[in-house]
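For reference, the structures are reproduced in the following blocks.
Each of the next two complexes has subunit A plus one other chain: subunit B in the first, subunit C in the second.
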Partner chain A sequence: MSVLDRVPTENGDLALLAGVCCVLIGGLFAVTPLRAQLPSALYVFVEVGILFVIYGLLVLGLDLQYGHTGLVNFGHVAFFAVGAYGTAMLSAQDTFAGIGLGYPWPLALGVGVVAAALVGLGVSATSIRLRGDFLAIVTLAAAEILHSIFVNFEGIFGGNVGILGVPRPIAALVSDADTRLVATLLVIGGITLVALAGITRITSAPYGRVLRAIRADELVTRSVGKSTVTYKTQAFVYGAALAGLAGGLFALYNGAVAPGFFTIQVTVTVWIGMLLGGAANHRAVLAGLAIIMGLRLISRFALDVTPVSSDVFASIRLIVVGLILVAVIRYRPAGIWGDAQELGVDR
Partner chain B sequence: MGLLQNIIFGVITGSYIAIAAIGFTLIYGIVNMINFAYGEYLTLGAFIGFFAATTFPLPLPVAVLVAMAGGGVVSLVLARAFFTPINQTGPVPLLLTSIGLGIALRNAIRLVAGREARYYDTATTTFRFDSIPDLSVGSVDLLGGFFVTSEQLIVVGSAVTVFVAIHGLLTRTDVGIAMRAMGDDESLARVRGIDTQLIRDSVWVLAGILAGLSGVLLAIQTNVNATTGFSQILQILSAAILGGAGSPYGAILGAYLIGIVLALSTAFLPSGMSGLSSAIAFGILILVLLVKPSGIAGTEVREA
Partner chain C sequence: MSLLSADDLVKEFGGLRAVDGLSVSVDAGELVGVIGPNGAGKSTMFNCISGVITPDEGAVTYDGTEVTGDPPEELARRGLVRTFQSTRELKTMTVRDNVRLAAPDQPGERTLSALFRTESMQAAERSVRTRADELLATFELDHLADEYSGNLSGGQRKLLELARTLMLDPEVLMLDEPFAGVNPTLTDEIADRIRELNENGMTVVIIEHELETLTELVDRLIVLQQGRVLVDGQPEAVLSDDRVIEAYLGGGV
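What follows is the complex of A and B.
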């Protein structure tokens, strides 16, 4: 029996295996003198790639909430921000403004995730019963409130400067820039793959079937004795915790957090990625996100060959993004790889 | 500044929010969608009015009428192009479409008009009332001298005119009565021979006209730039939901409530935290949805 025969064939297990391998290889870079060399043309790809795997965690959480359970959460960035700020404030040393407690980063990351989950619990406890479009408005408003709190309480959250001096575990172990980028991409990408495996496990279990039943018809699901509010709350909190993890990893990769990283633009990017790929299909939402984030690469390269300012280009990119959202909903409501029949959007 | 002056500021803010909130809530009640692109309608109205007033030079009152007409046309064209084809898909796809449309419009405006702010050129007279005695309770002065500008009086006056006109429209004209019927029950309205698509179109035009007016008033108070309207969308939305989504009268009440809360929290929050005033408005919104989800006057929005 060769090793190949033992490679799992299930999607979830394959993602788990790949994820663990990625983390291990990334760790290898960090602890051994092994060094990677990046051609300079690839830098931008790796940087966008790191952002992609972080946003990947966001889109997986959002897909659990919207794609599977039908919860229209339009304030996803709030949980991302809470995770990032929680991690940053607990671990930062000598921050310029705001609070930095200087605890070890694994503890800080854990607290960040728990904080995001608690905020998710708070939001869902108050508003999970609202109808879809009103839930969207409340979550959006909650995100705006959090954003203005982060900006306005300078003594605690550092205002517009944010929290600086967050430890960067990978940067601390690897001094050379090329290796650092590759190792970061591998480690965070690995974590995202492991999360993908976990989410796949949840949604392919009977538990996931209940979530999809709630999305399809909540009344019927309640009538067969499932406490839909409990299930909805759980799905919301899991999604929030995943977003918190993404935020914590972002803080530890970036070394600083500031309100400017956590605008409504993040929510919109993740939503469009999910709808474009096809909600309720984990690999599809990641692919959709990759397409949307790929547009950033295109605009960055196009910038070199066209005589327009980056400002103009940013506007054009956002016009395209907005129109993609409109077009997807109108012409392909299930997304590129989504199952129209299952999502109930077949017209 | 006394409490009285801040309440006046709140009433002025409430006035242009109220005009927009009526349009917003009519769309909600009759087309059954939350139109997140509505802020861009205000921006477009402000720009149309601005260019009418500067390039042609038209007098300001005429420019306002041009902005209102332009807003109505823009609203109908956008609705026909983007919202009418997916009318039957339900509220969430419509909301998402309006978010996408809003992003595209906002950036298209920025692309064409640039980032700089433009200012309406208006002649303003300030009326001062300094002789009013202070009435201090603790550290808060309840009365005190105050001032209003002619601009501000025009804003409040236009708002009152709009309220009367909308009330007349909804209670005295066939199209208004048909709108209310459709807001109550669309199928029943169709059974009674109401052309629902025509009514929907007229609601879009009406909402666009209101957005154009509100956009110009807002721009006279602040300035014209690509995010003039977008910066107000959450306040408009809060006002509409606070009043009970779908109810124009509730929207007026909600708008003044939001306006006064914004003004008072800007005045009485410690300096450096005045940015929190919008957070307080949304806090009220969330509180209302929790305690009385139907708003001040409106329908149930919870499912379970």
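What follows is the complex of A and C.
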């Protein structure tokens, strides 16, 4: 099937429509006295849901980089962290540690995204020409370096405490906790849907065809006149900017950032989600992420009913995740919804 | 004046001089064959000329300007297009997408056009699709258009690669062993197609071992040996040259 036929363009537009609606409804909660009520049992679902839509932006960016262009980025969390710290440091007021400049949050969010994109540009300027596995090492190292910078430059980044006192725009408008959670989920979820629409559009256009050609064979793509370095850099920077946006939104939702939120665990989660769902299929990677995060949620409940200590249980959870990965690699190497032929994996 | 020329090219790999002071020149509209024993430097010459590797010494001139070391994408956009010895189709893409990819000047290959799905992108894509389907029909691949190209047979891959390069509407087409692994009927078909392209004004350079078809096809034959030009001339004259018989067809004949 051809590119334009394969991903029905209506899909992207549906996501766009749904995204805008979500943002509007979320906004409605914020600016009108309209209130939502959540049964207390649902709290945890909404909270994990918010984290899911934030991570959703991460996995979409990663899918553009790896799923479509074949760039192995093992340091995705770095761009998430840069976006979060950039936003937090520009907007925080009266932070306990580190720098807080107290600028308005929309400006801070913009700066966070641009900062993440610039770091992405820096990494790709030095390393994008490297072959897949070497790029993986560079990105992994870059993420570790950034992580220790955030921990060790206490005067600037607040060390292990991080940056506190980040404004929470939705919390500022909605005092009631239930409504606040629902509105946050709707607004950030809407933004993720709009991002999904945008990514779907560019990957279903001839632009995406060039990206997939680079993944298949870079030399051939060059020999038919495409400047592959430009495309690889763009894909990397767009993914980094999306991660930066996710970081900024996270900071503005959470009201604080600290190195503990930006460990390699984040990178691992989005990678597993992407591979589980099926790389190069945007909805599939989101679904894969939902599965892996849902599993965490279920296991939280399961802990209450199993007769083991939480330490043991944490290990069991890792074993389960590992078994699922083994099963997927064995039986669905292209991911649950992935196309084995398109990804070039042997069945 | 020659359209494409290489002067005193030298390329070493480790201690091996793959190309050693090689000079060739091709005029616009020519159909030139390149032969030589294995390791004579044919593919290295192609790689140097098409920008895949940069020669250690020497200069490549195309269409009046020096292009030594220019990247392949730049040369492809200027009309110098090549194929590869072992076919390099994009296995994870469909046959049609393989061909459509090569379309030049598609505004939809820029982010903003793609994001806003501009009318110019859609118009361009419609004509790209028509052109790609025409090419696929010409090469009798139209029934496989939606098949992943990794599923094609060796001969079909050769055809696909040719169709893909033609999408670029090249000035100069450099074919590296277009008949290798292709059955005789298909070989004749590809040869006819090449002749047709050449008659319509395309300059074609072919590396090939299949001498029978090649000598019938080309206007001029260049024989390489040990990184240099051994003989350059009319096919009949070249093939009866003693040095060529010695070097290529086997001594003592």
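Criterion: the second predicted complex is superposed on the first by the 332 of 347 C-alpha atoms of A that agree within 3 Å, B and C clash if a C-alpha of one lies under 4 Å from a C-alpha of the other, contacts with A are read in each partner's own complex, and residues count from 1 in each chain.
Please note the rule applied: a contact is a pair of C-beta atoms (placed from the backbone, for glycine too) under 8 Å apart; a residue touches a chain by one contact, two chains touch by 3 or more.
All figures in this text were calculated on a predicted structure; none of them were measured in a lab.
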Contacts of A:28 with subunit B and subunit C, given as first, second, both or neither: neither
Which superposed partner A:205 touches (first subunit B, second subunit C, both, neither): second
Subunit B versus subunit C as contact partner of A:228, first or second or both or neither: both
Touching partner for A:177 - first (subunit B), second (subunit C), both, neither: neither
Touched partner set for A:220, first subunit B, second subunit C, both or neither: second
Touching partner for A:107 - first (subunit B), second (subunit C), both, neither: neither
Which superposed partner A:321 touches (first subunit B, second subunit C, both, neither): first
Partner with the higher number of touched subunit A residues, subunit C or subunit B: B
Subunit B versus subunit C as contact partner of A:302, first or second or both or neither: neither
Footprint overlap on subunit A, where subunit B in one structure and subunit C in the other make contact: 222, 228
Touching residues on subunit C, where the partner in the complex is subunit A: 50, 52, 71-73, 76-77, 81-82, 84, 88-94, 96-97, 100-104, 106, 108-111, 113-117, 121, 124-125, 128-129, 146, 148, 150-151, 164-165, 167-168
Sites on subunit A touched by subunit B in the complex: 72, 126-127, 129-134, 136-138, 140-142, 144-145, 148-149, 151-154, 218, 222, 228-229, 268, 271-272, 275, 311-312, 314-316, 318-319, 321-326, 329-330, 333, 345, 347
Parts of subunit A lying in touch with subunit C, wherever the complex brings them together: 1-4, 9, 198, 201-202, 205-210, 212-213, 215-217, 219-228, 234, 238, 341-344
Contact set on subunit B toward subunit A in their complex: 33-34, 82, 85-86, 89, 91-93, 95-97, 99-108, 110-111, 115, 234, 237-238, 241, 272-273, 275-276, 278-279, 282-283, 285-286, 289-290, 293, 301-304
